[in-house]
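Chain lettering (A, B and C) follows the sequence in which the chains are written, and residue indices restart at 1 in each chain.
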Amino acid sequence: MDRDSFLTRVGRASLTSQLPDSVSLSVDLPELPPADLLVLFRSRSQTVSAVVHGPVTRHGVPRAVSGIATGHDASSFMAWDDLPAPGVPSALQAVGMDRVDHVVPSERRIEHNLGYRDVGVGVTGAEAALAESGSVVLAHGEGRPRMASLVPDVHIALVELDRLERTLAHWARKNPTLVTETTNLVLITGPSRTGDIEQQLNLGVHGPRHVHIVMIK
Amino acid sequence: MTQPVTFLGRAEALIGTHEADAVDSGARNFLDLRAKSVEELPALEDLRDRARAIRLHALRHLDRLLAHFADQMQAAGGHVHWAEDAADARQIAADILDRTQSRRVVKSKSMVSEEIELNAHLEALGLDVTETDLGEFIAQLAGDTPSHIIAPVLHMTREDIGRLFADKLGVPYTDDPFELNRIARAHLREVFLRADAGISGVNTAVADSGSIVLVTNEGNGRLITTAPRVHIALMGMERIVSRWEDAAVVLETLARSATGQRLSVYTNVITGPRREQDPDGPEEVHVIVVDNGRSRILAGETAEILACIRCGACLNACPVFRTAGGHAYGSVYSGPFGSIVTPGLHGMDPWWDLPFASTLCGACEEVCPVRIQIPKMLLQLRQQAASEGRLPGWLQAGIARYARITVDPSRWARAKKWASRLSGLISTGRWIRRMPGPARGWTSSRDLPRPAKESFNDWWRANRGS
Amino acid sequence: MQGPEVQLFVTCLVDALAPEVGRATLDALEKAGCEVAFPVDQACCGQPAFNVGLVEDARKMAAHTLDVLDDTEGTVVIPSGSCTVMIAHHYRELFADTDREEQAKRVSTRARELTQFLVDDLQTSARARCDDCAIAYHYSCHGLRELGLDHQADTLLQDTTRARLDGDRECCGFGGLFAIEMPAVSTAIMDDKLDRIEASGADTVVGGDVSCLVHIAGGLRRRGSEIEVKHIAELIGDAT
């Protein structure tokens, strides 16, 4: 069906529609009891099985990341080009890990994808961290592959402390246009999980099994 | 085997089965998780009001929001298609897959795709279609349909699944959920990475930015919209909000109401395909906006049901759903939501009896994050069914008779005396154990007290004057 | 002491099946100082018809009820949450834009359920009595969710021993004509309720709606249970 016919039908339906009234859209964000954001963030991350490290200085980040990576016995990694601290890829290579190329060619796409089968670690930055839910917000784009936080067994997100916000609603209020500036914005709240088999919680079905968040001061 | 055509017929076959028991305990578990999660919200009622206002606003301005959404999505390089009905939607999807020479298709959970019966259509065209949501994958392997909107295989045990995997995937039998998950992950990883196209649903579209939001816990929703070259998103036309901050409110209420989580693991916001400098992402993004009867619902008395954000809380709270299970509703959408939306989308034939599958207890409305007035609409649909003459003859005649009797005090007095005397013929004690006719539905499982020899009215007249 | 003048609307189920509940209600109201009138032409509020969508029949019964209750101005007290909801909420809908619109508004504002009248309106000091009982209280759905009835019964039952009933705010499965339209489903929900009642250790089930209570009592009897079932009015007023 063409757009005009479709929307005309919808418009006509609205004329006889018996939708109830509702209160007008409130502009206030919910009042929340005061909290130390970092303490709250650590606690909520723990609930969703993500591990929070630091805060470390920018200089301490490469060591923190390679420590986490070797702890998981990984042999390969992917990393965003523009991380909030320098030296991470070379630190990982220094402990014997291979860097996986993350630019997907338009031809031979599937061949490239299959190379992602066994990537051990993915390192990304983050736009923000959300204390209330223990989440990190990733904005993808040039030099920032989506796959880095998706195919590896371990995802390490590097977040600057001053990017810590209270809730999604607070962050969204401050950043209303970010959604258009990136093709893919992702909120990640802990490792991948499922309860589909007898409602038993299992981590790492499809997405990463482990999520580490390194706070940078 | 054909299903019975009435809710009652299907329910009778399911009540007391293992499936129904599993649905009951699963649903109660979700309800507890929801309760704990909403307890910590300082202003739950305020949040519900806001979510309701956001969704009703969107429905009131639906054509304008959809137009704006399409303009924005197209400006970002995506394509928007408009499907009048199920056949139209299937055709559009099939054409995109054909033009892009996509043979291997991966899907994440999409109620709309089930509603339009997409899988069968694509498989008939020779395409390889794999459901990747773990529960949906299991259901697909089993040749079964989901029994709950959030937990598709609530009705299967680990042993059932172990046997299924051994049979269909050629792996050694195990019933350890951890092992079963590992098997599924390994199997599906190959499938994701080799896929040509991914088909998803849409939790909510955002008009202002031309974005679609997909929510999953497993990560399959991200994988199928990132790895393959083509992404097709099926969107019920009512699933939209105005602004990104409105979406944030809906997302926060959705996770808590559904499973008690503060947010789902992956909230995936997509605004068009891969841009030139992006290292990965699909080359093409297509959103198929589906009507399939929604405009008919929007035009009528039950328009409010379109505010639903698909959390499943009403299912979990419903004693009828918990007792009979999702399959009793005979359709893609079950529970209190399904009882209203199914006759709305597909008409009263044969769905007129779904609104009657309720005690009108109101537990659904009590948990709905957008405060949908479900019992009110169930009553409206019952009125519609009655006015169309669909009620069984005994019920219509019985009520008409009862009305005539009760508005006439002397007839009412006589009827009570008559009932009391007659009951003496079928019972010696204070209780009746067996009633004839339609009332035998009562005495099949319950005793009935005999009507009193002296009614309250009689007693008043005898002891307190007129 | 001259107390408020009220009208008693006993409901069709109480009138025909459980007149003792009517007598107990009357006694409870009189003990609380009320002058109670009983309009003798009353019968049914129309809810059974309304709930199955037979609106015209419902209107017929509702119109008759409105006339019966419109004779005097006293509060209408009803020992049933669901019938109170019918009169207090649905009568307005039924008669909107008709010549009974004003009458419906007038009468519906005066309708009060028994426990809310005693506790919220009269602030009664009366309390339920049940010697050597362990009471499981069933909060009937319509009253609970549409009238907010719960603290009233709790207040009245303060001096009794309460057994903890799991799922005491869940539906019993009666649902009006649902009980005979979909008997297998109604029975399955009832069975769950009865299992919980038996597990609670209660020897008495108490509630505010005879509809639910007849269903629960009928099921308990069928199981051979000795658990007693009473309307809360019977614990406050004398039924003899």
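In this section, contacts are C-beta pairs under 8 Å (C-beta built on N, C-alpha and C of every residue); 3 or more make two chains touch, one makes a residue touch a chain.
Treat the numbers as computed from the prediction; the structure is a model and nothing was measured.
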Quick check for the class: compute each chain's Cα centroid; which one is farthest from the centroid of subunit C?
A
I'd like the most central chain, judged by C-alpha centroids against the all-protein C-alpha centroid.
B
Can you give the whole-Å distance between the Cα centres of subunit A and subunit B?
29
Measuring from the mean C-alpha position of subunit B to the mean C-alpha position of subunit C, what distance in angstrom results?
33
State, to the nearest whole Å, the distance from the C-alpha centre of subunit A to the C-alpha centre of subunit C.
54
Which residues of subunit A touch subunit B in the complex?
1-3, 5-20, 22-26, 30-33, 44, 48, 102-104, 106, 109-110, 113-114, 116-117, 130, 132-135, 140-147, 150-151, 167-169, 171-173, 176-177, 179-180, 182-200, 202, 204-208
In the complex of these two chains, what residues of subunit C are touching subunit B?
10, 12, 14-19, 22-23, 38, 40-41, 43-44, 46, 48-55, 57-58, 60-61, 63-64, 141-142, 145-146, 170-171, 173-192, 214-215, 217-219, 221-222
Can you list the subunit B residues touching subunit A in their complex?
26, 29, 41-43, 46-47, 49-50, 52-54, 56-57, 59-63, 66-67, 70, 72, 76, 80, 82-84, 88, 132-135, 138, 151-154, 157-158, 161, 177-178, 180-181, 184-185, 188-190, 192-194, 196, 206, 209-211, 217-220, 222-223, 226-227, 229, 237, 243-249, 251-252, 259, 261-275, 277-281, 283, 289, 291, 295-296, 298-301, 303-304, 373
In their shared complex, at which residues does subunit B touch subunit C?
7-8, 11-12, 15-16, 319-320, 323-324, 356-363, 365-366, 379, 381-387, 391-392, 395-396, 399-400, 402-407, 409, 412, 416, 419, 431, 438-439, 441-442, 444-449, 451-452, 454-461, 464, 466
